[in-house]
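So, here come the structures, one by one.
There are two complexes below, and they share chain A, which is joined by chain B in the first and by chain C in the second.
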Partner chain A sequence: MADTSTIRNRKGPVTYVMRFGVIGYLAILVVWPLYEVTARTFAPLERGAEGGFGAFLERLQDPSVTYAFQLTATCAFWAVLINTVFGVGISLLLVRYQFPGRRILSVLVDLPMSVSPVVVGLALVLAYSSGQGWFGEALESAGIFIIGTTPGLIMATAFVSLPLVVREIVPVLEEIGIDAELAASSLGANGWQTFRRITLPSIKWAVVYGVVLSMARSLGEFGAVKIVSPGAEFRGETATILIQNRYTNYEEPTAYAAAFVLVLASVLALVVVSLIRKPEDHK
Partner chain B sequence: MTEVLVKPAGPARTSSRPSGLFRLTPASGIGLGIALVWFSVLVLLPLAAVVGAAAAGGWGAFWNTLTDAQTFAALRLTVIEAGLVTVVNGILGTVVAWVLVRDQFFGKRILDVVIDIPFALPTIVAGLVLLSLYGPESPVGINIVNTRQGIFLALLFVTLPFVVRTVQPVLIELDADVEEAAASLGASRFTTFRRIILPSLVPAITAGSSLGFARAISEFGSLVLISGNTPYQTEVASLKILKFIEGDNQAGAAAVAVLLLLVAIVTIVILDVVSRRVARRG
Partner chain C sequence: MSIEVSGINKKYGDFVALEDINVSLPTGQLTALLGPSGGGKSTLLRIIAGLDTADSGSVEIEGVNATKLPPQKRNVGFVFQHYAVFKHMTVAKNVAFGLEIRKRPKAEVKAKVAELLELVHLSQFAHRLPSQLSGGQRRRLALARALAVEPSVLLLDEPFGALDAKVRKELRDWLRRLHDEVHVTTVFVTHDQEEAMEVADEIVVINNGRIEQIGTPDQLYDEPANDFVMGFLGDVTRLGNVRLRPHDIELALSPAVTPGTPPAFAGVIERTLRLGFELRLTVDVEGQGETTQVVLSRTHARALDLGVGTKVWLRPATGAISVPVLGVASA
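On to the complex of A and B.
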């Protein structure tokens, strides 16, 4: 690239205007607000009170906050587990097998990411709520309640993060091809052995990557969960709903503390994801 | 380095190469069956229920809901705000991508990470983050709560990465030879950009913009705390759906939801067309 550097690296005044314009834009839009949230998280509750890490922890130890984070963790765990099993399975089917409707299915699998979270919530209510849902009465007579209970929250969370695992695995499966798999089966390996010994090791990082992305998305889901949850304290109040409720009830310190935990979780996800991406890029 | 949390390149579509496809075995057939049942229960049936609820009252009821003055105002505001944000993103996103690829300066890696933050943050947290600087207790004296500027800012925040992340890889791959040829033939830098570079960026800008537009249309979480939800003033489509649900008007909610679903599907189709055109050209 040494010979091209002369043309591309000429630096005029425009270069500097754009550079500082972009830095300024990102600072006002993202960096400064983030700094402000952090500052408020660790600010003392009232004048003279002690601020810092202690105050932050104290706000998080409120039983309703603990409940909210536990509920969020439960929903995220089940949603990610379901999505991972489904994602690995459907990716293998989409890439390796031939069946009618395969192309339509591959487009449909991606649809949940583009649907507004409120519409996701509404869709689940209209299908499964015992009052108005298509299947509400049938489920009710079987003693199953989905809307307003934890299974409903898990479904809403699973819906919005459904394509994340699939999106990661499909390109990798396409790239590795089937030669190794064919060789394994010609040497007498059965389907499960081929999957465990050949396919799984090569899609391992894609799966981990997809899991981290779904986990981050699941922990932070708000819109869909908000519609299907009763959303009251100790009754279906997830971490994100708690942030909204506390902020609107003028309990801002708690809202900021809970929000900061979610900020940390998403920054952690970013870091993990970029660490995973790097060894892959070096290959 | 480019795509960290973002995978905006459209659906994870399988290629249509038929080679290497197995026929279904009994075991994989059962697997497909289970996957389809779960997918239907979780996604297809609920979405069908939305369409069903919107269609239940017939075309007239659907039309009346959407043309009701207050609903229509919400829809119009949503489209206008999303359109404005898309235009700003199309320009500024390209500039940001340009600086991240072509410029070299200390701290560029940090900016690259900053781009991903709006996607990584939960939407409600994104709203709170903006409110901490531009809210009622703003240290800079700006209060965006219950204003259209607030909605604009929130949408700008959550859609920041789309255009940047779709343009960036194209800009990296761009061949230096044509730029040198243009420069050696006497083209100014602006002419080179307009005639040589911009045309090859257009598909990426279109793809990124349509993703951003779709996201802006359906945005909910970051607006809940910011938009004051005043009818005719600061009420957007997704919050209108929430209001319908809370008022137990499922048909009204479904009508607006169907419109948002349509936008989502149209976006996917546009992306598919754009990506295929690019694939054919390249």
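On to the complex of A and C.
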């Protein structure tokens, strides 16, 4: 750590200018807008009306808002669960096995990062909607509806946040190498025992980190969900869609309150992540 | 026979790692696979352990055909070149791993772990994590972990590599003693001929994916099968039409011929190098293309008062081991 401390100790005018630049940039782009949201969340509705925390809570207790947050939480929970299981599986497949098409799979996993979520939503509609979708008709005849229902929302959310888990685990798997796993198998452990006792403990912080990140991403997902969901009150209206609907319907205070809750959740996620990262760095 | 390897072939793409390898290793023997890096010895060891698969050929362990068995069913202890200790487990947990997998009763596991830690002198470190151990200690931990499952064969990949010279020496003596105590059939891979000669009962010399020679250390040293084995097991130099060890050359200051000895080669000392107790001379022998290396003790050299430019006569010592130079008509 000697080199970083020497860098820190160099305090020339350039350091101050750069510091000021970075702080200013962050303030304009992030801090000030977020401050506005927070301030308006707790501002009185009209002149003379009651503001503050009580009014904020009251707005959140509206049944449609409660429904929206419950739906968002359900989607995020299932999406994260699915992504954790498949993310660990895909990571193991990508790192530990050689097979034709491995590179293509690796690129495909990254795709949701680069493709706009709106496109993801549209693609899901095209594939699964009961009218025109490829699988839609078959699924409909089996009595399964994906588009416009909660499973569809979960799918859209999972699609968008998949790479976050995989990209956290892959580098760690590559770094720990295969020797310990081979050692375990030469000591008599079968595949599952090796995974549970050796591989999983080695990648557990990467998994937790990936879960937190994809949780944060899932809570805030808008584009893909917006296309897949009917988006009406009590019918597929997630927290993010609620914010948009209320904002455009001149019910701004409710929109601000919901937005503030989402911000709070993200900040919480970041705090958790930085707490995890610290003990890891000290190793 | 504890390990019977027959007709093993292994290719990585175009590269032939092993070609028609046949070895049988008797029970209880300590064997070294010796050869230069990239010669295929580690690959052979991994194939015996089941960590790698051969393209063709078979491996038999304790009379059971293990060719198709996965590593966990071979009952083989493997010590990896880079330890491969389980970083998230304490020393004791590492050693207990194989026993816990086998669902042995807790009391038995505890007793066995204590016994093994005692054996590898790590008892006081039982509750430490591997990251708090030195390289040599980690190596011993890996060994204890492999021994815990009472393997029918113990395989060690470069067990003394990447350690400083003193620790290597200690570990070497210790492994030899351990083997005499535990008596498990042991195979280790090394590229250091001194290590192999000192520790092993038998040495298998592997080069370019082929076995060059199998024999006891003395056999290999005294009757090398070919140029390569001779060169690999020690320094070799040329004198006239033969290759021999530099310390097997007698040096004299006059051509005085004793009856019954071969004629001496005249030469001039080109360079001298002092290395501890010995003196290495480079001699330009008349009528010979390459120079000859001679090793003398310092005391001997001082008595003869040797220096650069001194004219000397060289002849193979009586009883010197030599092999003819291949492909050279005459010097």
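The rule is short, and it goes like this: the second predicted complex is superposed on the first by the 262 of 283 C-alpha atoms of A that agree within 3 Å, B and C clash if a C-alpha of one lies under 4 Å from a C-alpha of the other, contacts with A are read in each partner's own complex, and residues count from 1 in each chain.
Operating definition for what follows: contacts are C-beta pairs under 8 Å (C-beta built on N, C-alpha and C of every residue); 3 or more make two chains touch, one makes a residue touch a chain.
Not measured: the values here are computed from a predicted model.
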item	value
Partner chain(s) touched by A:I198 [first = chain B, second = chain C, both, neither]	second
Larger contact residue set on chain A - chain B or chain C	B
Touched partner set for A:S186, first chain B, second chain C, both or neither	second
Contacts of A:I90 with chain B and chain C, given as first, second, both or neither	first
First (chain B), second (chain C), both or neither touched by A:A127	first
Partner chain in contact with A:A255 - chain B first, chain C second, else both or neither	first
Partner chain in contact with A:G231 - chain B first, chain C second, else both or neither	neither
Intersection of chain A interface sets (partners chain B, chain C)	none
Chain C residues touching chain A - in the complex, by the definition given at the top	49-51, 70-72, 74-78, 80, 82, 84-88, 97-98, 101-102, 131, 142, 145-146, 148-149
In the complex with chain A, residue positions of chain B that touch it	1, 4-5, 7, 10-16, 18, 20-25, 27-28, 31-32, 34-36, 38-39, 42-50, 52-53, 92, 95-96, 98-100, 102-105, 107, 111, 113-118, 120-125, 128-134, 139, 153, 156-157, 160, 176-177, 179-180, 183, 189, 214, 217-221, 224-225, 238, 241-242, 245, 250, 253-254, 257, 260-261, 264-265, 267-268, 272
Chain A - residues contacting chain B, complex	1, 4, 7-10, 12, 14-15, 18-19, 21-23, 25-26, 29-34, 36-37, 40, 82, 86, 89-90, 92-99, 102-103, 105-112, 114-128, 132-135, 155, 158-159, 162-163, 166-168, 170-171, 174, 177-178, 191, 213, 216, 219-223, 226-227, 240, 243-244, 247-248, 255-256, 259, 262-263, 266-267, 269-270, 273-274, 277, 281
Complex contacts: residues of chain A adjacent to chain C	179-180, 182-190, 193, 197-198, 201-202, 283
